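Take a look at the structures below.
Here come two complexes built around subunit A, the first alongside subunit B, the second alongside subunit C.
Take a look at the complex of A and B:
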């Protein structure tokens, strides 16, 4: 990534960090009627689709027309998939409803945004487990580098009782609070009206040491660990998972503000999008100059670096 | 017939997710498709075919008849009334 990429806008539909006695965090949802005013489209949208489309709508206010729509999801529309799979079983694979099938596909949110705004531009969805958002972001950065403007990139994942029970039974949520969220960003190569800069993005599969991974990235940008004043860690409460963060804590200056973002949004495949949203907010509010985001899930690692304008 | 019309309207609301409507909001004689009436589309047509097959055991053999049968709740109810087993 060589071109500078600016975050012009960002919007979030996410949990407020309070599980209220639940096993997982659920997003605080807005009044969808005011954001998706076409009842014909709205009636075909399930909860996750409404969350995604509404977050995109917040980013696209003032009639901004994106030159590309890039979405990311780890598990896609799980609720709709469950509904469709249940129908396959109960109806013996016959006479299945087309709407449930359409809603169960991973790229349906990107498609609904395009339909709503009649956008026939580049439209891509990334489903790469816990690197889904980073993959979508990398594609968006390449589009910015190509000179395209107003790239709409977003990440959406949902959590409710069924996936929670399944993940719990599979042992994926030991000491972990699950979560969900819909986050969208409008990226551009022009700084006009921007709130933050996305300086670097790197992904890796089981890098030898997390601190070397981060140090190399900082050096490439002419920065030192001491320059980081906001440190967003993706630890989720599982001791084994959180090991790399102890190493990174020794690298990042003790003077930097440390925020464990999954305590606010919960653990889910595209949670780093929530961290990027938090970093953009903090930078826009003048509370930080450089923010470092580190995520780790299974063997996948990612690091994002944001800065002020 | 009146009971069937009421039942059909409720099924359309449930199956087509017309969540902001009640059976009373649907005009029995008004067109189901196009801008004038309920504003349904081709995916909804597929859903209605499924309602006929699943709930009434009726299969439309001649697709050319579809336009006439699916015109309104009234035409749908008449077709069901004359074809159900």
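Take a look at the complex of A and C:
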């Protein structure tokens, strides 16, 4: 990472940690009227598209013109996908309404944002399971290095009955609360009006020793474990999954405030975006100087390191 | 920094592997036929890969009983060929894999959903394991022994083009020395019905760039190329990737702007990046789906870019159909071959120029032409427009 990357704005539509009697956490959705003012457009958008577009709108207020739009999602507009699949089965293969098919495309949210603001710039969508958001973030860092400004990067995933039932049946939710969320960030190489700095991003195959990996990463940035005052752990309640977090706790927890972010947003492919949003909030509010975010899933992991300006 | 293309792998409706594809292209042999992979009431031609899943699994020495997605099987076959071609071995350092797909494992999950929809306790749950787009990529990376940066891109029909673009940028930024890039998509009932509901499928064989064109034929397949920097170079490259650009038409969720603004900017930026002028482009592998709108708007974008002097161009969709997320992977392989062997490809079933733009594509196959730069277009839903420029080293 050669160019410094600043987080200028961030916006979240996410759950507040209370499942309210449901099996999974759902996002507290805002009143969309002020964010997506065209009523026809608003009505045509499915729930996940509204969540994504609205979160992006919050980052784009005051006529900010991004020079790139990068989105990430694990399952995309899965509700629209299901509706179209269901239509094929119920109506047969004729006279189907194409709108849910169109909206089922993974790049729909990025495209809708571009359409809404006539942004003809770079537009990309990552769909790489638990590393979707980190891939989008890496692309954004490349874009910043390449000299682009105001990179809009976001992550969107939705949870509802069908994916919940399927994930439950697949055995993916043992002791885990599923969740969802839409998070967008505006990144730039200029610190003007920024709230936090993205100091490091690492993704890939999980190392045998997460603590050594993080320690080396911190050293490369001239930091020590004791400098981390906010520790955002990606543990999700599943004993097998949570193993690497214990070694990291020994490294950073003694000197930092520990936040188990999935208790608030739930587990979902792009959940680390919620952690980055929380880190930006805490740093902007002066409640932390350095935040460490660690997540892993299957044999892959990701580390994000944020700092104050 | 020069980015070399050192390996090619392809599976399409006209064959498995580079040589089979070239042979079909040379002999004007298209691969469009009736749907045989799944039950459907839709009577439209499609470009299926003529190998069933069991055969594909056998060719790859995989467990024939496991419900791999067809997207993964097609992808692995093409990516393995590209790796072998370039001499990529398992565990090679600073080597990445980036794959594009628009459909993921829908070919499997739509079978599951039929039973699940009636009763959420029913349906073979193993069929859902490959639903997400990352499944095919991760399985392929594991089989190929690629341990470096791996990701999946889904920008509809430009997915593979954007995978190639990202790979080049990762090499340029110094993060990778070698990267296998491209895309894969399998045909399934969901996609066929989706395009049918949009009323853009031709019931006859598609006729890209012809005045009578009436829509596209869907296809399937996969194509991957290996990109390397000079340090990693072990063999004589096919060509270099000298330009690339990703823009957005910002006009309509599914349709292109009539003037092809996004297409114009993608092509123009790719050419500018290479430091050449448009008149130096020798050949354009057009997106050319065969829909009335795409071909007209792409024609207009070319007339503008080339100041009315459009170089030889052709669409290969008349051979293989539109393989969506895999299309630019396949067509990047063809484009690299065009540069390496001086090939001009024929645009099948062309008879009369589009009235508004009067452009005539290449209709005869030829080799040994003096080709320096080949521009290749991939445009998708959501206004995602990407152009790549392949050049002689």
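Keep this in mind: the second predicted complex is superposed on the first by the 308 of 309 C-alpha atoms of A that agree within 3 Å, B and C clash if a C-alpha of one lies under 4 Å from a C-alpha of the other, contacts with A are read in each partner's own complex, and residues count from 1 in each chain.
In this text, contacts are C-beta pairs under 8 Å (C-beta built on N, C-alpha and C of every residue); 3 or more make two chains touch, one makes a residue touch a chain.
Quick caveat: nothing in here was measured; it's all calculated off a predicted structure.
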Quick check on the superposition: with subunit A as the shared anchor, is it clash or fit for subunit B versus subunit C? fit
Could you look at A:224 and tell me whether it touches subunit B, subunit C, both or neither (first, second, both, neither)? neither
Thinking of the overlay built on chain A, is A:120 touched by subunit B (first), by subunit C (second), by both, or by neither? second
Scan A:102 for contacts with subunit B and subunit C and give back first, second, both or neither. both
Answer with first, second, both or neither: which of subunit B and subunit C does A:39 touch in the superposed model? first
Could you look at A:165 and tell me whether it touches subunit B, subunit C, both or neither (first, second, both, neither)? second
Could you say whether A:239 touches subunit B, subunit C, both of them, or neither, answering first, second, both or neither? neither
Touch test for A:205: subunit B only (first), subunit C only (second), both, or neither? second
In the overlay, answer first, second, both or neither for which of subunit B and subunit C A:92 touches. second
In this superposed model, does subunit C or subunit B come into contact with more residues of subunit A? C
After superposing the two complexes, find the smallest distance in angstrom between C-alpha atoms of subunit B and C-alpha atoms of subunit C. 7
Touching subunit B in one complex and subunit C in the other: list those residues of subunit A. 96-98, 102
What does subunit A use to touch subunit C in their complex? 69, 74-76, 81-82, 84-86, 88-89, 92-94, 96-98, 101-102, 104-108, 110-112, 114-115, 117-129, 131-132, 135, 138-139, 142, 145-146, 162, 165-166, 169-170, 203-205, 269
Looking at the complex, which residues from subunit B come into contact with subunit A? 15-20, 39, 41, 43, 46-47, 50, 53-54
Touching residues on subunit C, where the partner in the complex is subunit A: 40-42, 101-102, 104, 110, 113-114, 116-117, 120-121, 125, 128-129, 131-135, 137-138, 147-156, 162, 166, 169-170, 173, 189-190, 193-194, 196-198, 246-254, 261-262, 265, 380-384
Residues of subunit A that touch subunit B when the two form their complex: 39-40, 43-44, 91, 95-99, 102
